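This is the structure, below, for whatever I ask next.
A, B, C, D and E label the chains in the order they appear, each numbered from 1.
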Amino acid sequence: AGVACGSGAGDPDRVRIGLLVSLSGIYTSVGEDMRRGFQLYLDTHDGRLGGRDIDLVVADEGDGPATAVPAAQKLLERDRVVALTGLVGGATVDKVQTLTHERRIPLLGANARPEFAPVAGKPRDLSYTWHTSYNSDEPGIAIAAHIKTEVGDGTVYAIGPDYQGGWDELRGFTDTFTTLGGKLANPDGKTVFTPFPATENFLPYLNKAAETRPAAVYTFYAGGPAVAFVKQYRQSALKDVPLYAAGFLTEGSVLDAQGTAATGIRNVLNYSPTLPHAANQQFVAAWSAAGYPGQPTTFAMASYDAAAVLDRALAAVDGPVTGETLNTAIGQVGRIDSPRGDWQFHPTEHRPVQRWYLREVRPDGPVLSNVLLQDLTTLPTT
Amino acid sequence: MRIVHRVEPDQPPSPRSGRDPDHAHGNGMVASGLRHAYGPLTVLDLDTFTIAPGDRHAVIGPNGAGKSTLLGVLAGTIRAQTGQLTYNGHTVTRHGAEWRARAGIGRTFQHPTLWPDLTCLDCVRIGGWHHRRNPDRTPMEVLHLVGLADHAHQRAGSLSHGHRRMLDLAVAIAGQPRILLLDEPAAGLTDTETGHLIDTIHRMPSWIAVVLVEHHMDVVAAVADWITVLHQGRRHTDGPADTVRADPGVAALYLGTGGGHAAHP
Amino acid sequence: MLHIRDLTVAYPHGAPVLHDLTLDLRHPGVHALVGPNGAGKTTLLHTLAGHLHPRAGTIHLDGEDVTGWHPTTAARAAVALAPQGRRLWPSLTVAEHFAATQPTAGRDEAWTVEELLTMFPPLAARMGHRAHQLSGGEQQMLTIARALRTAPRLLLADEPTEGLAPTVADQITTVLQGLPARGVTVLAALPHTDVAATIADTIHVLAAGKLLGHTHTSTAASHLLRRHLTLTDPGDETATPHQ
Amino acid sequence: MHVDTLVITAVDGVAYGLLLAIAAAGLTVAFGAGGVLNLAHGVLIAAGGYIAATTTAGTWASLAAATVLATVAGAAGGAVLAAATAGLRGRGHLDQALLTFGIAMIGGNLLTTIFGSDVLRPRMPAALEGTVMVVGYRYPIDRLAVLAVAVLVAAVGYVVLHRSRAGRLIRATVDDRAMVAGIGVNPRTVDAAVLVTSGALAGLAGALATPILGVGPGTADTTLLLSLIIVVCGGFGSVPGAVTAAIGVGVVQTVGVVTVPTAAPYLLIAAMTVTLVARRPTVPNGAAS
Amino acid sequence: MSAFTQAFAADRTPPLLKWGATIALAAGAVTAVAMSPASYLHTTVARMLPLALLAVSVAVVTGHAGLPTLGQVAPYAVGAYLTARLALTGIDTAAVHLLCAAVGGAVVAGLIGTVLVRYRGTVFLMLSLAVAELTAITAGQWRAVSGGTDGLAGIPAPRLLPGLPPLHGDRMVLLYAATITAAATFVAVWLLRGDRRMLLTAARTNEDRARASGHLVYTYLWMVHTAAGGLAGIAGALLIHTHRWITPADVGFGVAALALLAVVIGGARSLIGAAVGAVIVLIVRDIVAVEVPGHAPLLLGTLFVIGVYLLPGGLTALTTRLRRRLSEGPHSAPPAPANASVRRTS
């Protein structure tokens, strides 16, 4: 295996970065957002990061590792990028991580972060793995206490999609919620998982859930199923029961498709376009100025932050940029002034220590928006 | 199971031993209580039907009388709804067509299609596959017998209709049957070929039983010594060939003084 | 009516099956085509119906050049083929066969379904059966009935009596004989020269893809064939006398 | 589970099944009756859905326009397929599958390029967005509307496929093209008519189903798979069969998944397997008689 | 007379020449890739070979048994997860993996086959689709074995023999995978020639007639299905050896469909064609399409469409056509067998 050394031929000031996101398949919408986020940072910084010209090589992750790994291989070995960022799916991160690690190239994920399974009995070495996003169970952990206070002695019905992402998101909530003394409305105390991505008809599930007379419902869906879920929720017997969710349920374009049916959904995320920070206002303004549709999402924001991290790390690298030097520099970037508010990398887990926000879907001017209600907590707690 | 007899080509058909069910019980095939229906339509309803070695037995009857169905039931292609079949003293009612073919019940089809992609020679080899180590006749000899030697390397799919029928016969013969069920072997054959077919049947070893379904009465006359007339799935008449052919009832039903095709309920 | 000149026909990737065939049919009348199996009878009928395209030669129907026409065009010109073998639509019932087949536009010589069913009583009792559930003979009846239903003016019948019980076969031959009176020309491939002689005005003898000549008696036809066979016994196929 | 919930869920199963029946209608015509294994069916539905989602504006007129436009676009897509598959006659289902799958991939990619990768949903007139009470439970009006359209489509489909000459010619063309030509009907015309009709139905289905399910990059695959299951389980080209199968799928996907939630991922496929296995094995090249 | 018969029973083209040419071509292609300095190419090509072998297995069932299948991913999955589990528990000898995978794949295909081979055509296709879906769902649900929907990663590299170092270098993995793929393919081709091929043609093209001649059609088809399962199992082991990770999607409908389409491109009855077809499909997807991100489906779709039109009958038919054209050049066409039949009827 060739170890990538240096970047583009000749010019030592040019740095090649790989952006691997879904540009085809069912995650395209997230992938496009992430590309826009990264591109926006570049465009607002003259195409330079850390004073160096950037060659951004974009590759298509497709639906999962089968297409993502060959693309990553190409970025690493043919294009010899010095850092790899993007990555929509958890499974992709899990597989690509071994490749980047072997080649000592920093992997700067900007979306899903799976629970890295141990390799040959040993925990995965994450020294070259970073994320500007979050762990999948964090939204649930962050909102559990709030929901407990809201429902008091009432029960909460938990429902989600049947795959790793759904399992993690819902586990985060249910574990924390029950630890806090909360009770699930689900008959056997276990979350209901709906076949993914097959299920688009949630009415039977919702009508059945209504029988348990929950005080609230907690859920996580994203993309197409999120639209169907919200629409059908408002048509079901649960119509008037408060709906709480991980923020992806109403994040981005799905909110337009859901329309008024989404009004009033309270959800948790590490970002809201209505955050008052200057960095955010700048970001949102740039987003509109660039002609991108709608409001920026957490996906775009995390990818924007990935660029910011690289910006600061590259500025700190002295001399030739290699995977090793860049990785060391990433470890020392310190606080990032981000649209989501300040955050910094957790020293061992390499993911943001960041604030989580409670948001509610409300009309914000002519459009619906995830309007900030309050801060919830900072995770991970160290 | 496999008994290899040498061919005695020039021997004429054995003189009839009469209807001899006992003989058939030991060495041939006995069907009893056969009944088969498609919905309300009974297409076969026969109390007994026996085939003894050496039989030259013709089954005739109007179109739709159930002749092909009978052959299908005997060969195992169709499983009759009720009824019992014994062969060489064993009950074979539940045995499939493959098993029966291996046990020596060969057949041809009313609509021969064979294996269109294979050459005639290969078709015959497949027909005789289970005797390939110790064949009575080589595949080429079988093709000679039916007059298709010139077509040995032609694809079966490109044969003319008549030749296909001869090839079907060849495939059946190659399986070295002890009972040979022929479904209208002369249909579509021209005068010369019909003569050839009759010859071929005559030259079969005398211990082979031949059951022949045929509409050409001259072929029946030349081959059969016993005729069963089927009508609406039931036995209308049966008896020695000459008697049956002279029977005015049969003539009325079948040979042409009208009204043979009464509709079934 | 039908004039065939120097017709040569081959199957795809094959050597010619019909060689330089020339044939004229009077209108209307019954014409028989006899010859050994594999002679090319089916090939000729299929060529006339447009299912095979000749390599050389011409076909004229009523003065119009119809060489290599499409089967649909042929059918619309009231040329019907009653093919050999099962060329029915297995998934359609008998009734649906009749419903799908309509008389050619502009022909009033149509056979009504009732007429056809009287001709073939077994079919009347099987109207709800799918074609693949019919007995061999019943299928043959339906094949002919379908061809007649199109109200042809040229009927190409390929061994029309195959698999039919003698009573029905007689009936078919009677029908064929009666067709010229209704303005229909019949060209039928018939395996037996004696049958051909009883119903046909002319018997065209075909062997090895060549026309040996035409006659109107069974003995003459048989004689032609026998002569051909002796002449072309292994190795010699040049001598093909034309009458 | 309470009995009345089961009732409303069963009703929903039927309604959802009928929605699927509309989606499968085009494939019933093309594959079931016309014998063309059209794997681009899902893409035509998605195209219809995208068109509906981008042309509706919450008024009845725009809804009508969207429906017509989607149907016409579907028919045009069907015409393209007809032209593409015309050269493939007699080469079997696998070649058709390869071609239409390729076209589906190209079409799907073009759709995301044109309409973007977001999940879209048409804006319906307010009257359709609400709910009505059915046996004491809330039930969406849009689904009831779809139910009505589905019954209409099924009725027309039944008459055309099973009672008209056209339906017979379609099946006859699958059985023996040459003999269809032999009765004066050009089999190519039949092929083209089949695919154009099938495409129109797919476009219509897209317009009708998207208000309920939305349309996005995954729509084509999901609808194709469900339609295939329905057409095959329903017994190829039989409208009553397809409707029954669709309702079966609908009920399995509603009543089944909530009564035995642990088996939910397997239920649909298992139901299909049982249906197919229960059917008597048929040997296609029946040479026996 | 019987010698005469046998002479014609065999293939009429000199087999040694044909085989030699094919083997030389395959070896040449692999060597060319292995000699190139780009390790990127080595890994990428090595990763195509499991699917190529899966396609061979599909071609056996589809082309020779006449049963278009999407279900071969079931034995493929069994081979893969067996291998992965063995490797994760410390049993890392490649030969053991291959053997277990082959046996496991054959057993599973055998079990599935008892039901499936009773069906034909589209019903069989849909049942096999059900098998593919069930395989992927089970792989996603059975977390203890499969690691859930995200799958397994970091599976240790195999050792060729106990005591040897693990198979690590990209070039080595490529050579190993190519050897196994080629060997398995050639064994399959070898087993499916001559009389076996003829019997399967008979069973496939007219089942009733074959039965009436005493052929146990179900048994033949079941045996082919089972043996192909063994082949798919080996392909599964190879998947782990070349990828060292697996997700349920790798054994699902998508892969099954790709393998089946590769078979169609290759020409249904040609096993080598199927392998080449799979490699072509993956070259387009994994090498060409990464140059135009987001348009992989467009390119693949175009490949399929072009494949249908330019290669009727698949790659194999193309080579036959070329050969015919070449041989027709100087000599006159060989006498068609039909000639004799036209002239002489006895």
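The rule is simple: a residue touches a chain if its C-beta (ideal position, glycine included) is under 8 Å from a C-beta of that chain, and two chains touch if they have at least 3 such contacts.
These numbers were taken from a predicted model, which means no experiment stands behind them.
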Partner chains shared by subunit A and subunit D (touch criterion as defined above): E
Least hop count linking subunit B to subunit C through chains in contact: 1
From subunit E, the most remote chain by mean C-alpha position: C
Longest centre-to-centre distance from subunit D, chain (CA-based): B
Whole-Å gap separating subunit C and subunit E, where each centre is the average of the chain's CA atoms: 48
Chain centre separation in whole Å, for subunit C relative to subunit A (CA means): 75
Gap in Å, rounded to a whole number, between the CA centres of subunit D and subunit C: 44
Of all residues in subunit B, the ones touching two or more other chains: 68, 77, 109-111, 113, 158-159, 163, 183
Multi-chain contact sites of subunit C, meaning residues that touch two or more partners: 11, 14, 36-39, 135-136, 229
For subunit D, residues contacting two or more additional chains: 109, 265, 285-289
Parts of subunit D lying in touch with subunit A, wherever the complex brings them together: 1-2, 5, 8-9, 12-13, 16, 109, 112, 116-121, 123, 131, 137-140, 212-214, 216-219, 222, 253-255, 257-258, 261, 264-265, 268
Residue ranges of subunit E touching subunit B (in the complex, touch as defined): 1-2, 4-5, 8-9, 198-199, 201-202, 205-206, 208-217, 337-338, 340-341, 344-346
Sites on subunit B touched by subunit C in the complex: 38, 61-65, 67-68, 110-111, 158-163, 166, 183-184, 187-193, 215, 217, 254-256, 258, 260-264
Residue ranges of subunit D touching subunit C (in the complex, touch as defined): 165, 168-169, 171-172, 174-176, 178-179, 181-187, 286, 289
Complex contact set, residues of subunit E against subunit D: 62, 68, 115, 118-123, 126-127, 129-130, 133-134, 137, 140-141, 205-209, 257, 260-261, 263-265, 268, 295, 297-298, 300-305, 307-309, 312
